[in-house]
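These are the structures in question, set out in turn.
Across the two complexes that follow, chain A remains constant while its partner is chain B and subsequently chain C.
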Partner chain A sequence: MHLNRYGQVGIFMASAAGLQLAAVAAGRGFLLTQMTMSAYYTLAVLGISLLMGYAGQISLGHAGFVAVGGYTSAVLTTLDLTPYRAQPLVAASQGLGLLLARPDLYGGELLVVQPLVACILAVALATLLAFVVGIPVLKLKGHYLAMATLGVGTIVYSLALGTQWLGAADGISSVPPFPLPFGASVGGPAGGRVVNYYVAVALLGAAMLLLLNLVQARVGRALRAIHGAEDAAAAMGVDTASLKLKTFVLSAALAALAGVFLTHYNGGIGPSEASVMKSVKYMAIVAVGGMGSLWGTLGMSLALNFLSLRGYFGAYDDVVFGLILVGMMLFAPEGLLALQPRRALAALRLRLRRREDGEEPR
Partner chain B sequence: MLTVRTLDVAYGAVTVLRGVSLHVKEGEVVAIVGANGAGKTTLLKAITGLVRPRRGDVRLRGESILEVGTARIVARGCSLVPEGRQIFGDLSVRDNLLLGAHVQYRRGKAAEVRADLERILGMFPILGKRSGQLGGTLSGGEQQMLAIGRALMARPTLLMLDEPSMGLAPLVVKEIFNVISTISLAGCTVLLVEQNARGALKIAHRGYVLETGRIVLEGSAEDLLASREMQRAYLGRDVNLETARVTT
Partner chain C sequence: MSALFFQYLMAGLTYGMIYAVVGMGFNIIYNATGVINFAQGEFVMLGGMIAVSLVKILPLPLAILLAVLATMVVGALVELVFIRWLSSPSVLRMIIITVGISILIREAALLIWGQNVRALPYFTGSEITSLSIGGARMSPQVLWTLGACSALVALTTAFFRWSSTGKQMRACASNRVAASLCGLPTRNLVTASFILSAGMGALAGCVVSPITYTQYNIGTGLAMKGFTVAILGGLGSSLAAVAAGLVLGVLEAFAVSVMPSAYKDAVSITLLLAILFLRPTGLFAARVAYRP
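Now for the complex of A and B:
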């Protein structure tokens, strides 16, 4: 079956619509809430798939970028600027139409940043952060990115948890909906569930088109080459440091975008969004979906995030994803779809024999 | 075309190259021969910017390329066929070749790439037959052909090969050296690093002998092939011993 990327994304959209119809027809429209959230998480996971599955770079801090996006947009759209009205920056922003007056819960009026402007600023901040972390680290070969991003994730988590004006352990709530054209919005009353679902699916489809376009041509080949052998890729004229950096920044931007939409959809964000376990979860999903398989990752991410959000794994959620990661790395480092049971068994046997012979297991 | 001047390279405390100077003229085939650990691969890595020299200079067409970076050096027409071939095993033969054309795409010559691909597949018919196969499934000789073809896809003016004969059967080695001669005849300058001194010098115009990080001999390929020192050290003949035996 050789469909081009538009055909593939078309099939994905059609299946998503089928799921929506099935859920509503079965009288279980409430499931769409978790399906929508799962779609936003998947947006972040897809970026990691590009970074980890194609370029072979490991990030343990993408939950940090999700949180940077979510928190920035939450702060900007909830912080009342009325007391600062006289300040030149605020006044100028208001003059340019970047601010929005909206009623608060108690009938008063808040002056906040427009959600679209907040979204752009949020993604820009995450992009900047990714540049600052990535520039020095990605000049090196090896897994330094994993360590640096682990640090970033931890710092973002601690800052979110320990900062009063970020709501500390409670996080930020009453984040307004993100208005879209044609009266649609991200978040808002529960009645908008179906519209919200399609907004998320459309965003995911668009991201998929962008990523497929990247990996199916020159850039994808170059990324796989970096994954295979970095020096050899450089010898082909691939600017490895710059390409790794661009991939990392793009994945961080996608994570931040996911964070922004997730925050508007949920109406708030808490520090757990930045926790390292979230990053590990994303990584486990990429591993199980298949290194270098965007569609495999998309499917696995939608399914696993949905199950996790519905609480199927209960209190063992972290354990489940931890086990998935360990199991995948041991038995199917190329992903489930690439798994050939007989070959895997043969590989396992070889490994055991090597161990008996006292050799280093590879 | 390429000038290397008093190059010192060290990995930490271990000095690998000491004061290496050499030059390659336009259209030449120059061989650098030497035993294992002499520093041959390090020399090529230093030229292509994969390792940073401690001292000295590398000039391509008169311009220093020390600070240029590997990707840009390749873009300037100086391609490397790396040691151990470094085929991308998970990519198809075709994709390996297209990856070689990375700089051609960046030069905005995407239109030429298709013709180049046909040309390379014609030059190595075995690659044409296996173009859809994964690079990792090829035999050693086929992988070497692929590595050379991949480097040619960048349309280099200087091709550097690191031990292309390594680990290959004698017949295949012969074929590889024939291919290198053909590339040279087509107008590409070649810098060839080899342990197989005899094979390399046979197709080269000039040669350098590298020993523990120093150039110990240089000259035309014929002179080197005939030189006593060379025969003793690298061609497996102890001339002194043989003459001694004759006199006694």
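Now for the complex of A and C:
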């Protein structure tokens, strides 16, 4: 039976619920914490899957966008605006209800930006950054985007690490929970673990639906055409530069959104969130999940992020992801699910035979 | 004031020379394969690290020589194991593979040498020795760096211009199919370009190590600077990369004098984006920035 995208997302939600029940039934409800975090990371990874697997562009800086989202939200929801109350901008924002007074740890009162407003601003900032970087770079070929995004990631990392009011090496902590309707929230006391898990799963399901809609429509076909042969796609009337830019910006916005929720969930963010290794990790997950396979990427991302967060790879975490990356690209560039062992073996045998015949393999 | 100016200038030129050598390394491999080797910075790191380990048991010149040779072997292995047997890989695939290789080399370095910051001893004198030139005081190591890197650039240029292997590599770069039809061993020439590029990076890493120190993770930053330089000079053109390297080094040195050093890296990446936006073919070259 062939399911449409709504059915697929439904099955995903049902299996996520099944996992939750199983974890709680087995008395291992604490695992939900890492499952929730890996769901948020997966949100960022899905954007990269669209960019890399469908449009064929490489970003080595998506951790930078995650951090831009996370840090912006963290700063806006923790920076006390009380001393600036008289300033016109602050006063106007307060008048519009964009600010929120909340008690701090010591019983005093803080005046901070509403989490929802902070979230919108954070995503907007990342989107703007992606635009600025993307416009010049996406008109050019492959390695330019890779290097430029690597640069962006590195800058975000060194700014986060070197700026005092971003907490330098410690990052920003005591970020408040993100309030949601019906009394739920992202983050907050450990008792809300199950609610938090379902919030993350619902967000992931919604993002998945959006992306599936996108790739199964005209845009998706155009993206695949770009990946296959950019010149041919352009000749067929696909506005390649603009489409690549839109994809890049969308993936950056998803990464920033993931960063915002991850920060609220963890109650803080540190510079390591922006490190290049994180970006490489995301890329490795897309590679193993399969180029142009959103479901494959989703599954792999949930699994690998979970294992990594639980510390199963120990000190070799980076090595594992490096090996995955190289191994996948060498032996199965289309992803594990697309791997056809028999055909690969046959091709290898053919090549060896050719070499024996003295023919230079090309 | 002018002494201070000179001081910044010399510091800028020292770093600039290193960027130039990394940029040239990018160009050599790019010309041979059409691919940017993201592990280029790791070659610089490896050169410095191996030399620091060897200098404990060997005299300095021998340690450097062996470090450069060892890194050349690594460069050859990278090509032989990962690149050689791929049949017409896409650019995307090649970039990801070299990124992965850079991670693996870095992690291996972390396992072998740990997180410690290391440095070779000064080639002449010690860290407090200083020469006075035009009122500015500088370490003799600055002159070593400038001298060694200039010699490296000159030798490489001569190699490509006059030696037979160099000419073959240029032929392979300008048209690989035609070169192989003429009977040139194109695959071996690609390996040679990795070896050469690794050796250059390693030597630069050794010479600069007393001033800038070496750590397992310096590769990424260097690769980015080197790439900026290669683009600035017009991808594929080596001497322009040297000029661009010096420009970037000096710009950075003066940028540090007016803003916190944490933002130093922002200078080069901003420059990179500006160049890509305004003049993707590079400042000096009229050639196209990418090959069809």
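The working rule: the second predicted complex is superposed on the first by the 344 of 362 C-alpha atoms of A that agree within 3 Å, B and C clash if a C-alpha of one lies under 4 Å from a C-alpha of the other, contacts with A are read in each partner's own complex, and residues count from 1 in each chain.
To be clear about the criterion, a contact is a pair of C-beta atoms (placed from the backbone, for glycine too) under 8 Å apart; a residue touches a chain by one contact, two chains touch by 3 or more.
All values reported here derive from a predicted model rather than from experimental measurement.
Residue contacts after overlaying the shared chain place A:Thr240 against chain B, while chain C stays out of touching range.
In the superposed pair of complexes, A:Leu330 makes contact with chain C only, with no contact to chain B. In the overlay built on the shared chain, the residue A:Leu125 is in contact with neither chain B nor chain C. Residue contacts after overlaying the shared chain place A:His143 against chain C, while chain B stays out of touching range.
Judged by the touch definition given at the top, the superposed model places A:Asp318 against chain C, while chain B stays out of reach. The wider contact with chain A, measured as residues touched, comes from C rather than the other of chain B and chain C.
Applying the stated contact rule after C-alpha superposition, one finds that A:Val194 touches neither chain B nor chain C. In the superposed pair of complexes, A:Arg218 makes contact with chain B only, with no contact to chain C.
Of the two partner chains placed around the shared chain by superposition, chain C is the only one that A:Thr154 touches, whereas chain B remains out of contact. The touching residues of chain C, when paired with chain A in their complex, are 35-36, 38, 82, 85-93, 95-97, 99-101, 103-104, 106-107, 180, 187, 220-221, 224, 227-228, 231, 260-263, 265-266, 268-269, 272-273, 276-277, 280, 289-290.
Within the complex, the chain A residues that touch chain B are 218, 221-222, 224-225, 227-229, 231-240, 242, 292.
Chain contact summary for the complex, chain B toward chain A: residues 48, 50, 69-72, 74-75, 79-80, 82, 86, 88-91, 95, 98-100, 102-103, 105-106, 150-151, 154.
Contact residues of chain A toward chain C in the complex are 52, 56-58, 60, 132-133, 135-137, 139-144, 146-148, 150-152, 154-155, 158-159, 161-163, 276-277, 280, 283-284, 287, 316, 318-319, 321-323, 325-326, 329-330, 333, 351, 360-362.
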